[in-house]
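Two complexes are shown next, each including chain A; its partner changes from chain B in the first to chain C in the second.
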Partner chain A sequence: MISFSPFMFSFLQAIILASAIMAILMVGTGQIRSNIMFYSLQTLCLALSACFCAAIEHELKHYIVALAIFFVKTIGLSTFLFWITKRIGAAKDLGLYLPLPIAMHLSVVLLVFAQILSNQLPHLNHLQPLAIGGTAGISLILTGILFMLTRRLAISQVLGFLTMENGIFLFALTQSSGMPLFIEMGIFLDVFVAVMISGLIIFKIKHSFEHIDVTLLTSLRD
Partner chain B sequence: MNIAVYTLSALLVPFLLIGFVQKAKAQLQNRVGASVLQPFFNIFKLFGKNQIISEDSSGLFRAGILVNFCCFAYLIWSVPWLSFSPAISSVDIFLFVYLLATARFFSILSALDTGSPFGAFAGSREATLSFLVEPAMILSLVAPSILTGSSSLERIFSFTHQVSSQNPIVWIFAGISLFLVALTDLSRMPVDDPTTHLELTMVHEAMTIEASGRNLALSEIGYAFKLAMFFGLSVQCLLHGIAFCLPSDQWILLAMSIAGIFSLGLLLALLETVLVKLKWTKCPDFIAYSLTMGLFACIAALGVRA
Partner chain C sequence: MTQEVLILSSFLIPLLGAIVCVFFQSSRYSGKIAAGSCLLTFVFLSISLFPFLSDFKNVILLPLGLRCEKLQALFLLLTSLVVTLALMQSDIYFEKELKQENTNQKHIAWFYFFSLLFLLSMMFVFVCDNLGALWISIEATSLLSAGLVYFSRSKHAVEATWKYLIICSVGIAFALLGTIFIFSSSQYGAIEGGSLYASQLKAVSENLQPLLLKLGFIFCLVGYGTKAGVFPLHSWLPDAHSEAPAPASAMLSASLLNCALYAIYRILDLTTNSACGKSCHEVCLWAGVITVIAAALFLVKQHGLKRLWAYSSIENVGLMMVAIGFGSAPIFFLQALNHSIVKVSLFCTAGNIIQLFGTKEISHINGLLRRSPLDAVLLLAGAMAVTGTPPFGTFISEWMLLSLSFERRYILVAVLIFIALTIAFVAVSYHVGRTLVGGKIELLSDTVSIKNSVIPSLLILASVALCFLIRPDILGVLK
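And then the complex of A and B:
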C-alpha cells in the first residue's frame, strides 16, 4: 500500500500535462522523425500516468493497460511508423494552410480553451488533483485535430489520429476510473490494426501515385 | 558584501564559462583544446595590441562599441544572475529587455558605420533574430513576474517568497525558454556557428569584424557578460523551480548557481557537438519553440494566480 503525498500528486499532474505538451511540441516541427519521437514520448507520459493512477486507485487493470500502452504504442507503433517513413523515404511535411510555428502557438491557445472547457465539466472522479487530466485530454484531442488539418502527408494524418486517440484514453482514465479492461484491450487491438492497415494503404498510395500528399488525392482520376 | 560577490563573479565567471565551453567542446570532439584560462589571455593580448580603425568610419563606430560595453557592464552588476540580491538594485524586467535592445542597436550601428559589406549583413541578421526572439524573452520574464506579483528583477528572483509562488511548472518553463532565448540571442549553435568564420554563418563575429585591439576586447567582454547573465538568469529560474527542496543558506545557493551556470555551459558544449547549424530560413521555427515555452509559463502563471 503506497500512501500518496501532495508532492506525488503534483508529480502526477506534471506527467499528465507533459503528455499534452509533447503533443503541442509535435505540431511545431515538420520533420517526420521528430514527430514520431514526440509521439513516442507522449505515450510514455501516458503510460506513466496510467501507472500512477493504478497505484492511487489500487486497480490491477490500470497496470495492465500501462504495460500495454508502453509495449504497443511507445515501442511498437513508433518503430512501425519509423520503418514506414524509412521505406517511403518521406523526410518532412511542409504543412498546409498554416505555417508550422503558428500552428504550434494556436495549439497553445487550444490548451487554454481546453482548460476553460474542462472547468465547466462536473468532476466525475472523486480525486480532485486528477481534474487536470480533463484539460490534458481535451487538449490532446484538439491538438490531434489541428495536426491532421495542417498536415499534407498521409503518415502525418495517422499520427494526428493516434494523438486524438490518446486524448480520449487520458480523459477516460482521469475523469472516470477508466474503462473496463476488455474495452480497453479492444481499443488497443483496433488502433493497432488501424495503423497497420493505414501503413499498407500508405504503401499502396505511394505505389500508385508516387507520393503520399493527401491534398492531391481529392480530384478523381481514372 | 553583495557588491564584492558580484564584482568577483563578474570578473571571473563569464570568462571561465567561455573557456570552459571551448574546452568541453574540444574534449567532446577528441581534441586537447586550449586552457580554460585562454579567454583571459586573449583579452589581455587584445588590450596590448594596436587598433586599426577604418578611415571611412566616423566617431559613431567607437561610440557604439563603448555604449554596448557600458550597457552590459551596468547590467551585470544590476541583474540578479546569482542567488544574491544585485549590487545595484533598481532594474525591472522592461528596463532589462530595453537595455539589451539599446546595446544591440548600438552594436548594429557600429557594424554599419564602417561600411563593410560583412558588417551590414550581419547587422541585418542580428536585427532579424533579435526582434524574433524578443517576445519569447519578455514572456519568459513576465511569467515569474505574474507569479510573484512584482516587476522588479530583484524581487522576482529573491529566495524569500511565500509558498504560493513556488510553482515548479512556471519556473521550469521560464528557465527552458530563457535558455533557448540565450542560444538564439548569443548566436550560438542551432542559429549560428560561433567557431566558423564563413560569411554564410556569421552573425556576431561579422558585427565585430572591423573592430580590433581595445575595441574588440570591449565587445568580447560585453559578449562574455551577456552569456553569463543569460545563463545565470536561466539557472535562477530552474533553481526556483526546485526551491521547495533547496537549503536556505545563501552561500550554498551561490555555489549551486555557479555550478548550474557551468552545467548549462556543458549542455551548450554538448548541443554544439551534436547539432548542426540550421538553415537561415529555418531559424524562426526554432525560435518558435522558445516562444511556446514562454507561453506555457505565462499560462501556468495566470492559472496559478486565478
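And then the complex of A and C:
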C-alpha cells in the first residue's frame, strides 16, 4: 500500500523531529517574539508532516488538516499572539525556578525520556516508519508542560498549552491513522476559541493588575 | 419519529434563545427570554424522554451519530432542569444587583447568552456517542462557562477566570490524549481502521489493546477529573465557584460537574470487559475516596460562604467517583440528582444572603436567623441535606453507596467515606451555625423579598420528597 522512497521517509522523520527541536529551542529563549516565532515554525513542521502523511496513506483528510494547521496556527494564531504581545508591551519572560539554558537542557533530557516512553507503546505495522512521531509527540507534550511551569507571563502559559496541543496532534497523526476529519476540525475550533478567549483575558489581566505575571495572581486562596 | 424531532428541536431552542438575548441586549426582558427558552427545552425533553424512560426500548438513535440511552436521558432532564431553575433565580438575583448598581443590562444579556450556549454544550455531552465529539463538547462547556465566571469583571473575577480557563484547558488536553489512546487501542484488530464511537468500542471491548486502553483511561481520568474537581486537580473549582454570580455557581456545581463525571463514567464503562477493567475501576474508586477525604478536611478551614459549598461539591464529586468506580450507574445518577437539587438551592440561598450582607465572608455574616429567618432555615436545611442527613434525598443515595461498598467487601472504603462524611457534617454545621446567630441588632433597612426564596425552598422540599420516593426498584430503569 505504501509506495514511497526511503529518502522521503527519512525526510519526513526529519521534519517530525524538527518540530520537537523547535519546541526545545522555544524553551531556550526568553524573548516572547522569538518564542512565538519558534511556535510558528513548529506548526509549519506539523503542517508539512501532515502533508507527507497524506501522500503516504493516500488520505485526502490529512491534506485538509495540513491546510487548516497552516492557516489557523502557523499564520492565524501566531499573528494574534504577536499582536497581543505588541499591544501589551511584553518583551521578555524572565522565567521561574530554572534559568532558561538549564530548562532547555532539561527538555533535551525529556526528549530522550519521550523516546524511552514511546518505545514501550505498541505500534501499528503500517505506521512503523512513523514511530518517531510518538517520540516527537510525547516530547512536545512534556516540553509544553515544562514551558508552562518555568514561565511567569500569561502569554507564555498560552504558548505552552499550544505546544502541548501540537504534541497531541502529532501523536494522533502518527500513532493512529489520524482522527476523523470532523473531530479534527472541532478540536481546531475549540483550540482557536480557547486562545482567543485567553487573549481577551490577558488584556483584562493587564488592565486590572498592570502586569501579566501569573505567579503574582494569588489573591484567591483558602 | 416525533420523539427524535422533539429532542432535536430542544437543542435548537437554547441556540435561538441565545441569539435573541444578544439581539435585544439592552431590553429588560433578556432574563425572561432566557429562562423561558430553558423551560421550553425542559418541557420538550420531558415530553420526549419521559415515555422513553418507562419504555422497553433501550436507545433512541438520533441523526449525526448521536444517541440517547436511559442514563443519558435522565442526565439531559436533570441538566436542563438545573439550568432552568438557575436562570429563573438569576432574573430575581440580577434585579437586585441592578438596584445596587453592581452591573448593567448589557452584561446581564451576555450572561444569558453564555448560559444558554453553556446549556447547549452540556446537552451535547450526553448525546455524543463519539468520544472525540464528547471531548469537543466538554471543552466547549469550559470555554462558554468562562464567560459566566468573568461576569462581575472585578480583579478577583479576572483571576478566577484565568485560572479556570488555563487549568481546565490543560487538563482537558490530557483527556484528548487519552481519547487518542483509546482510538488507537481499537486499531489492533478490534475494528478495521479504528472507531471513536463508544457503543462500538463497548461491543468489542475484550479485543481492545489493553495497554493503550488503560493509558487512555488514566489520561481521560486526569483530564475529565480536572474538570470534575477531583483532588488534587481541584484548585480552579473553589475560585471559579466563589467568583461567579450565585446562579452561575449553581449551574457550574449542579450541572457542569455532572458532565465531567459522566464522561469519566463513559470511558470507564468501555474498560469493563477488558483485561484492565478491574484495575481501572479500582483507580477510579480510590481517586474518589481520596477526593472525599481531602474535601472534608478542606471544609474545616473555609472562610467564604460560596467556597464552603464549592468544597462540598468536591466532596460529592468524590462520592460520585466512588459510585462510578463500583460501576454502579444508578447510584451515580441518584447521587448526582440529589446533589444537584440541593446545590442549586444552596447557591441561590447563598446569593440572597451575600446580597443581604454585602460580603461573602462567613465571619461577617451574623444573626441571620433574626435578619432573614426564611433564608436561615433554607441555609440550615440545605446544609443538612448536602451533608447527607435524613430526611433528605442525599441520605438515601449515600446510604446506598455505603451499603454497596459493604456488599462488595470494600470495608476500608466504607469506613473512610463514613469518617470523611462525619468530618464534613461537623465542619459544615459549625460554619453554618456561626452565621445563624450572634451579631449586633441592626435596623432592618434592607428587607428580603419572599420571591428570592421560592426556588430554593421548592428544591429543599423536592429533596425531602426524594428521600421518601426513591425505592431501590426505581433504579431498575437503569439496569
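Here, the second predicted complex is superposed on the first by the 215 of 222 C-alpha atoms of A that agree within 3 Å, B and C clash if a C-alpha of one lies under 4 Å from a C-alpha of the other, contacts with A are read in each partner's own complex, and residues count from 1 in each chain.
Convention: a contact is a pair of C-beta atoms (placed from the backbone, for glycine too) under 8 Å apart; a residue touches a chain by one contact, two chains touch by 3 or more.
Every value quoted in this text rests on a predicted model; they were computed, and no experiment measured them.
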When the two structures are laid over each other on chain A, do chain B and chain C clash or fit?
fit
Rounding to a multiple of 10°, what is the angle at chain A's Cα centre between the Cα centres of chain B and chain C in the superposition?
150
Just to be sure I read the superposition right, which of the two partners does A:Leu60 touch: chain B = first, chain C = second, or both, or neither?
neither
Applying the document's definition of touch, where does A:Pro122 land relative to chain B and chain C: first, second, both, or neither?
second
Tell me which partner A:Phe209 touches in the superposition: chain B (first), chain C (second), both or neither.
second
Touching partner for A:Ser219 - first (chain B), second (chain C), both, neither:
second
Taking the superposition as given, does A:Phe171 touch the first partner, chain B, the second, chain C, both, or neither?
second
Between chain B and chain C, the one with more contact residues on chain A is chain C
In the superposed arrangement, which partner chain does A:Ile141 touch: chain B (first), chain C (second), both, or neither?
second
Measuring by CA atoms in the overlay, how small does the chain B-chain C distance get, in Å?
25
Shared chain A footprint, chain B vs chain C, residue numbers none
Help me check something: in the complex, which residues belonging to chain C touch chain A?
130, 132-133, 135-136, 139-140, 142-143, 146, 150, 153-156, 158-163, 165-166, 169-170, 173, 176-177, 180, 183-184, 187-188, 193-194, 196, 209, 211-212, 215, 238-239, 242-243, 298, 301-303, 307
Which stretch or stretches of chain B touch chain A in the complex?
168-169, 284-285, 287-289, 291-292, 295-296, 299, 303
Parts of chain A lying in touch with chain B, wherever the complex brings them together
10, 14, 17, 21, 24-25, 28-30, 100-101, 104-105, 108, 111-112, 115
Using the touch definition from the top, list the residues of chain A that touch chain C in their complex.
121-122, 124, 141, 145, 148, 154, 157-158, 161, 164-165, 168, 171-172, 175-177, 179-180, 183, 186-187, 189-190, 193-194, 197-198, 201, 204-205, 208-209, 214, 217, 219-220, 222
